[in-house]
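Labels run A, B, C and D following the written order; every chain starts at residue 1.
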Amino acid sequence: MRTAIPKSALVLALLAAAALPAFAAGAEDDYKAAYAAAEAANKEAAKLRNQWTTTASTLAAAKKAAEAGEFDKATASAKEAEALAKASIFQATSEKTRWRDMEIR
Amino acid sequence: MASTIRVRATSSGETTEVQALIQHPMDSGFVKDSKGEIIPPHFIQQLTFEHDGKNVFTADWGGGVSKDPYVKFTFKGGKKGDELKISWVDNKGATDTATAKIQ
Amino acid sequence: MTDVGFSATRRLILQGAGAVALIGLGNLPFPALAAANDKYPDEAFKAKSEADAIKALYGKSPEPSDKVKMDAPEIAENGAVVPISVTTTLADVTSIAFLVSENPVALVASYKIPAGTLPNVANRIKMAKTSNVIVVVEAGGKLYSANKEVKVTVGGCGG
Amino acid sequence: MRLRSAIYLASAAAAFAALSLAGALPSGAADKVDPVADAKAFKKFFTDKFPKVKLEDFVNGPYSMNEDLYRQWQEKEQFPPYEFSLEMGKEMFSKPFKNGKTYADCFPNGGIGIRQNYPIFDDKEGKVITLELALNRCREANGEQPYSYVKDEMAALTAYMAFTSRGKPMDIKIPDDPRALAAYENGKEYFYTRRGQLNFSCATCHVQSPGERIRAEILAPALGIVNAMPIYRSEWSGMGTTSRRFVTCNSQIRGVPLSPQDDEYRNVEYYLSYVSNGLPISGPGARP
């Protein structure tokens, strides 16, 4: 039994979540840039038919923090969302060929 | 509208086995909806079965009975073609009644 | 709700419970049934613990009996729908009650068994979490019980 | 900077996860689409894995894998929870539309006993048509509003149609048409592709782990899983169609679900139904 799956999924999730902000300057502009980047990445994931629910919820958290004027927090969330979206893109791209390894034949 | 009551009553000659399924949400009053608000209690409190003018079974229910509740019991007597009368009343005062023929 | 409202409701329902349902007088807390049938054990269905519920229902406590046979799953497939049934060889059974000790309200169902109806009942109940299920059988004026733990991994009470 | 390396790490983790999975399974390029060989291998995989389960019993999902569950199911089936939906479907099916026509006018054999043929491949459109899609198209063609694809009326209608096909072997045809083969292959790809933050494919649960518990639930085998649709799930406290199952599976692994009846969902249903050919229709079903 390949029980490695949930574990590796967890690793992936943790690593993605670890993409926390290094230098949140606190400016609204930083947030806007980070949010736009995250949104763009998530759009690309949508094209690949592989968005993650966590990307959407992290984006929502970023927006909420920004509305409350907490731009450090908002930027951090936006960057996390971007990392999540990029991980989903990577997943979709690599699975283009890898899915066959799972196939029953 | 279709009845909320489904009954299967089968006579073996000596006894009659009765199974009933009622369409009802049976909200206990302890569950929250997707918005986090409590769904108010809404459940059947009493379900009665009469055969030949006589009560053969009464169920007193709380909110802990499953949605679309089910119950099965057996009584002595009852023959094919006899009628069974089933009624329920819930905590909001709603009721329904149906009759079923014993098979 | 005021007393006036309460008795007005009572009258309405006594005149025709069906009509009340149709015009959707709904949302009355508990009095409706008390009016339609005063034998509904309201207090017992408000008790939190099984001991209080049994006391409210019967005014005494049961003793365990191997003549009460409960059929319940080891692990419920889903706490929302747990099939439980009971049969007994005891004579003169007048009622059978099902309780779940860990539910917010312990008493789930109480069945009146008139003479001529066999003392076996099957039903489907909700369980919030892993808990003891207790069946109480009233026979010849005495109370007997059976107990079984049913594991619940998906709770049937939301959340 | 940190962000970049985090993504790289995340990517590496995903790659590692994929590789560690790949290791145990034979890999190789499949150039030719061969549904007949696929279906044979699919059945063999499950019958080898569960030698005690009869082929036709796989349609009973988790109940075929666990005795305690089987007993609870038998008890439920005495008066199954889908009964109301089934009756509603029967009534709806025979009730004419405003223009006087009925669902029967849209289907071969008046819609009775034909569920085992769906999804079909429509060679005019070049696409897979599921039963749910065909039902809504029938409504629209007769001037009625379409229903939600996931529950309520749609589940009731499909419950009734499945009921009239109970016991009939699933009989999905893949015509000799490159578009049909492409749809089939796309469905297969969807089935085996890992997605969502949890990095699960449909196969992770329903091929590798059926019979095991994930949290509380016993996973159903993919073989015959569509034969039981639609289902009453205690978890949903109600009925759901095949689309509903796909949507909820996707959300559970933290993937954003597609819209019901998007091409991928239609194709994956086509694939899953085809590889379950020969197994009886058992729907409507009841599931935990």
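Annotations for the structure displayed:
Rule of thumb we're sticking to: contacts are C-beta pairs under 8 Å (C-beta built on N, C-alpha and C of every residue); 3 or more make two chains touch, one makes a residue touch a chain.
Quick caveat: nothing in here was measured; it's all calculated off a predicted structure.
Looking at A-D and C-D, the interface holding more C-beta pairs in contact is that of A-D. A separation of 49 Å divides the Cα centre of subunit A from that of subunit C. Centre-to-centre separation of subunit A and subunit D, using mean CA positions: 29 Å.
Rounded to a whole number, the gap between the C-alpha centres of subunit C and subunit D is 39 angstrom. Spacing of subunit A relative to subunit B, judged by their CA centroids, is 51 angstrom. Counting only residues that touch two or more partner chains, subunit D has 81, 237.
Residue numbers of subunit C whose C-beta contacts span two or more other chains: 80-82, 85, 122, 124, 156.
Of all residues in subunit A, none touches two or more other chains. An unclassified topology is adopted by the chain contact network, corresponding to no line, ring, star or complete arrangement.
Contacts from subunit B toward subunit D in the complex involve residues 2, 6, 8, 19-21, 23, 67-68, 70, 72.
Residues 15, 26, 28, 30-32, 40-41, 45-46, 54-67, 69-77, 89-97 of subunit B touch subunit C in their complex.
Every residue of subunit A that touches subunit D in the complex is listed here, in rising order: 1-2, 4-6, 8-9, 11-13, 15-16, 18-19, 22, 46, 49-54, 56, 79, 82-84, 86-88, 90-92, 94-95, 98-105. Those residues of subunit D whose C-beta lies close enough to touch subunit B in the complex are 78-79, 81, 83-84, 87-88, 91, 237. Residues 9, 13, 17-18, 20-21, 25-30, 32-33, 36-37, 39-41, 45, 80-82, 85, 100, 103-105, 107-114, 116-118, 120-126, 128, 156-159 of subunit C are the ones touching subunit B in the complex.
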